[in-house]
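What follows is a group of structures, each given as structure tokens.
Two complexes are shown next, each including chain A; its partner changes from chain B in the first to chain C in the second.
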Partner chain A sequence: MYNGGKIITGLVIFVLLVTIPVWYNRGTTARSAPELVMPTNAKSCVLPAEEMRAKHMQLLNVWRDEVVRTGDTTSIVVEGKAYPKSLQLNCMECHTSKVNFCDKCHDYSSVTPYCWDCHIAPVE
Partner chain B sequence: MDKKRRNFLKIAGISTLAGLGATTGLGRLVGGAQSAVAATEEAATAEHGNAIEQNAGDTPCVNRYGMLIDVRKFREDLSLGERVVRACHLEHNVPNIPVKKDEIKWIWMTHYENAFPEQPHLYLDQTNVEFQLPILCNHCDNPPCVRVCPTKATFRDANGVVIMDFHRCIGCRFCMAACPYGSRSFNWSDPRPFLDDATMNKDFPTRTRGVVEKCNFCTERTRLGLQPACVEACGDTKAIVFGNLNDPDSEIRQMLKQHHTVQRNPSLGTFPSVFYIV
Partner chain C sequence: MKYAFPLAAVLALILIALIGVQIPGMQYLFGVVVPYLAVALFLGGFCYRVYHWGKSPVPFKIPTTCGQQYSLPWIKQDKLEAPNNTSQVVARMVLEVLLFRSLWRNTKATVYDGPKLTYESSKWLWLFGIVFHYSFLVIIIRHLRLFLEPVPACVAWLETIDSLLQIGAPLMYITDVTIVLALLFLFLRRLSNPQVRYLSLANDYFPLFLLLAIVSTGILMRFFLRTNVDIEAIKQLALGLVTFHPTIVADISSLFYVHLFLVCVLLAYFPFSKLMHMGGVFLSPTRNMANDSRMRRHINPWNPPIKPHSYASYEDEFREDMVEQGIPVEKELAPQPGETA
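On to the complex of A and B.
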């Protein structure tokens, strides 16, 4: 191999640069899932926690379309408890803190939903 | 060479025949389908033609909410107009933007000549020169704004109310160009800085930059069985009466029967649902 030394040095530098996120965050908590502040006034939600975690955005979109477009404002009844289909008037009743609940995961996964551009977040 | 030419002519002839046959066959099929489509369209237009008198919108509505505004009451009590506007704007978190060209309005007071410009009159009576009357979205039965909206962000609900789905609005402002009454406002900037946190209605969202907004006939209140905020602000003066125009027994229909009323620019064929006793 001609210029083997230079090529190998170059490759090593390249690999180091590409893997910066891996070794730079070693030993820090940057990769662990965020700790959420769970509501104290309720034990259950409209869906099990696992499903809510995975599907809350679809659920909110369905609710939005039903309420805004078809005018179907009937509540969701789970285990005898009625939940109105509303982010502002239902979800935030239990999850009283946007900063300690919504934002935690959204910041972690770097998503910026536009809900709060219009809907009014609880005062914190 | 001869043989090749002979073969070529044969193939060409057969292909031509096949081609002609196929096109006529296809033509007949397509023609049949088209005449069927034409027949249904004709039937639809005939039906639509009959319905245009009362319900010219693209979605037939069970109810048709309307409003009757008694302008005389607003002349008697000069503070009423301001109270009505304030009640609506507080209910819906409408920002108070001081720059005239950026302002957001759902209901506002204006002079007769601005509300009814199609009735030119050199010798307007003094009361109509001096006093103002409230105007708002007409919730037309044949709404041009709904027809032009490319995302169906504005649409008619089951009560015949023309409402906005702010989630879908892309801010193209076609609806503003289409509305002949200037009932729509555009958010040129984020409205939040122009809202007072203390008076903000926490049960109703604000809007964001780049969406169009207008009166929604208090859909969020009427769903709960309440009267619209402006009607409530009038108290029992009956300055504004709200009700279902499709119900012949409703108060608004009775009032319409008893009084001479006008609509804003009815010649445009938009069939406004807001009526005025001038």
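On to the complex of A and C.
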């Protein structure tokens, strides 16, 4: 092999870079998803849990646009119950804790929503 | 129509994953077995190709120079274009790898009536090439959030910067837009430029289609078809894979499996394809050699071991025959005992 030292060094660096996840997480096996603290004062949300899981950010974004940008503050009615289009007056009435609800999944998958650029997070 | 076969191949791969994952129990194959195989092929194949290249002799000193070489003291040397020592070569290589300097020199030849041939600078290939490569790099680093727990701050920062425009929800990534634009340009360039179209083969189109399909499924998953794309379950699967305790915890959308399968195909295909320019750029003799052939002798490693054979030793070997044939010799035969009276 010609210039073997340099080439093997380069290959070792390459393999180490590609396998970063393996040695970064080494020795850890328990990888359960974050446990959420569910609300006790309500049984249902504005959408089924599965849809909320997938689309809550889009829903909140639409609400934000409607309320803040077009001034449409009408409530949405689900199964005869009116819900205001509001993060703090609606969502956080039941999901009272940001730390024990929002942040659990967001931290796990490194999502940093900018809700709290404007909203004041509850003191916990 | 050289793009028809690769396009069909990518569509077939999408269908394989889309249909295959519907079969009960096949999630394990597509989510665990195939990724492990693909990464093993990628790393093994990559190292083998580089090792194979490393074993190949370089018979001649062949750096491509495009500037004034090292010469007399009052002639200014172009140190990047005609490097004559290791540090200059390193500087040249770093700029080539990070900034694609050789593509910067790309020209476009056009024939006008007359006939008149003109060459003009054409930086589009450089621009979209570099946009594609850096977008892809950012996207790969961003994906580390699914493989690392806890997520390192630098990955989170990169994600913040990439979604700085704060468009939509989930936030749009700048690199998602740029990589699609760059891939489309690189594909349309192959179609619209007659010379490049003539040169393009199936193995030029296939990676483009494959990457476009990977990028499209990723964008669809993030912004449009979010049902069952459960990021927690996906992260658990990814962490399970890299800690060698793979589990599939929930029903994940088949779109995710298509995305994953296409990435696996890309990884497995990588070492056998032109994509190996990732490793090959470091091993190109025209770039990584110093232009010092007038200062240092480059020994061709192919040279067989030829021992020097001087005339004196030649005559020593054949003197008797030469004398017998009447060929003049510099040194006469030693007198035989008994011949002299």
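In this text, the second predicted complex is superposed on the first by the 94 of 124 C-alpha atoms of A that agree within 3 Å, B and C clash if a C-alpha of one lies under 4 Å from a C-alpha of the other, contacts with A are read in each partner's own complex, and residues count from 1 in each chain.
By our rule, a contact is a pair of C-beta atoms (placed from the backbone, for glycine too) under 8 Å apart; a residue touches a chain by one contact, two chains touch by 3 or more.
Note that the structure is predicted; figures quoted are calculated from it, not measured.
Student: Tell me the contact category for A:E79 with respect to chain B and chain C: first, second, both or neither.
Tutor: Neither partner.
Student: Which chain makes contact with more of the residues of chain A, chain B or else chain C?
Tutor: On the superposition, C touches more of the residues of chain A.
Student: On the A-aligned overlay, A:Q88 touches which partner chain: chain B = first, chain C = second, or both, or neither?
Tutor: Once the two structures are laid over each other on A, A:Q88 reaches chain B alone.
Student: Would you check which partner chain A:R53 touches, where first means chain B only, second means chain C only, and both and neither mean what they say?
Tutor: second
Student: Who does A:E35 touch here: chain B (first), chain C (second), both, or neither?
Tutor: neither
Student: Under the stated touch criterion, which partner chain does A:Y114 make contact with: chain B (first), chain C (second), both, or neither?
Tutor: It touches chain B and chain C both.
Student: Looking at A:M1, would you say it contacts chain B, chain C, both, or neither? Reply first, second, both or neither.
Tutor: second
Student: Could you say whether A:N25 touches chain B, chain C, both of them, or neither, answering first, second, both or neither?
Tutor: Once the two structures are laid over each other on A, A:N25 reaches chain C alone.
Student: Using the superposition on chain A as set up above, list the residues of chain A that contact both chain B and chain C.
Tutor: Comparing the two interfaces on chain A, one with chain B and one with chain C, the shared residues are 114.
Student: Quick one: which bits of chain A touch chain B in the complex? Just the residue numbers, please.
Tutor: Contacts found on chain A: 64, 68-69, 71, 73, 88-89, 114, 117-120.
Student: Sort out for me which residues of chain C touch chain A in the complex.
Tutor: Going by the criterion above, the answer is residues 39, 42-43, 46-47, 50-51, 54-58, 144-149, 151-152, 155-156, 159-160, 166, 168-171, 226-233, 235-236, 238-240, 242-243, 245, 249, 279, 282-283, 301.
Student: Which residues of chain A touch chain C once you look at their complex with the stated criterion?
Tutor: Residues in contact with chain C: 1-4, 7-8, 10-11, 14-15, 18-22, 24-26, 28-29, 31-34, 50-51, 53-55, 57-58, 60-61, 105, 108-114.
Student: Across the complex, what residues on chain B touch chain A?
Tutor: Those residues of chain B that touch chain A are 155, 157-159, 163, 165-167, 200, 202-203, 205-208, 219, 223.
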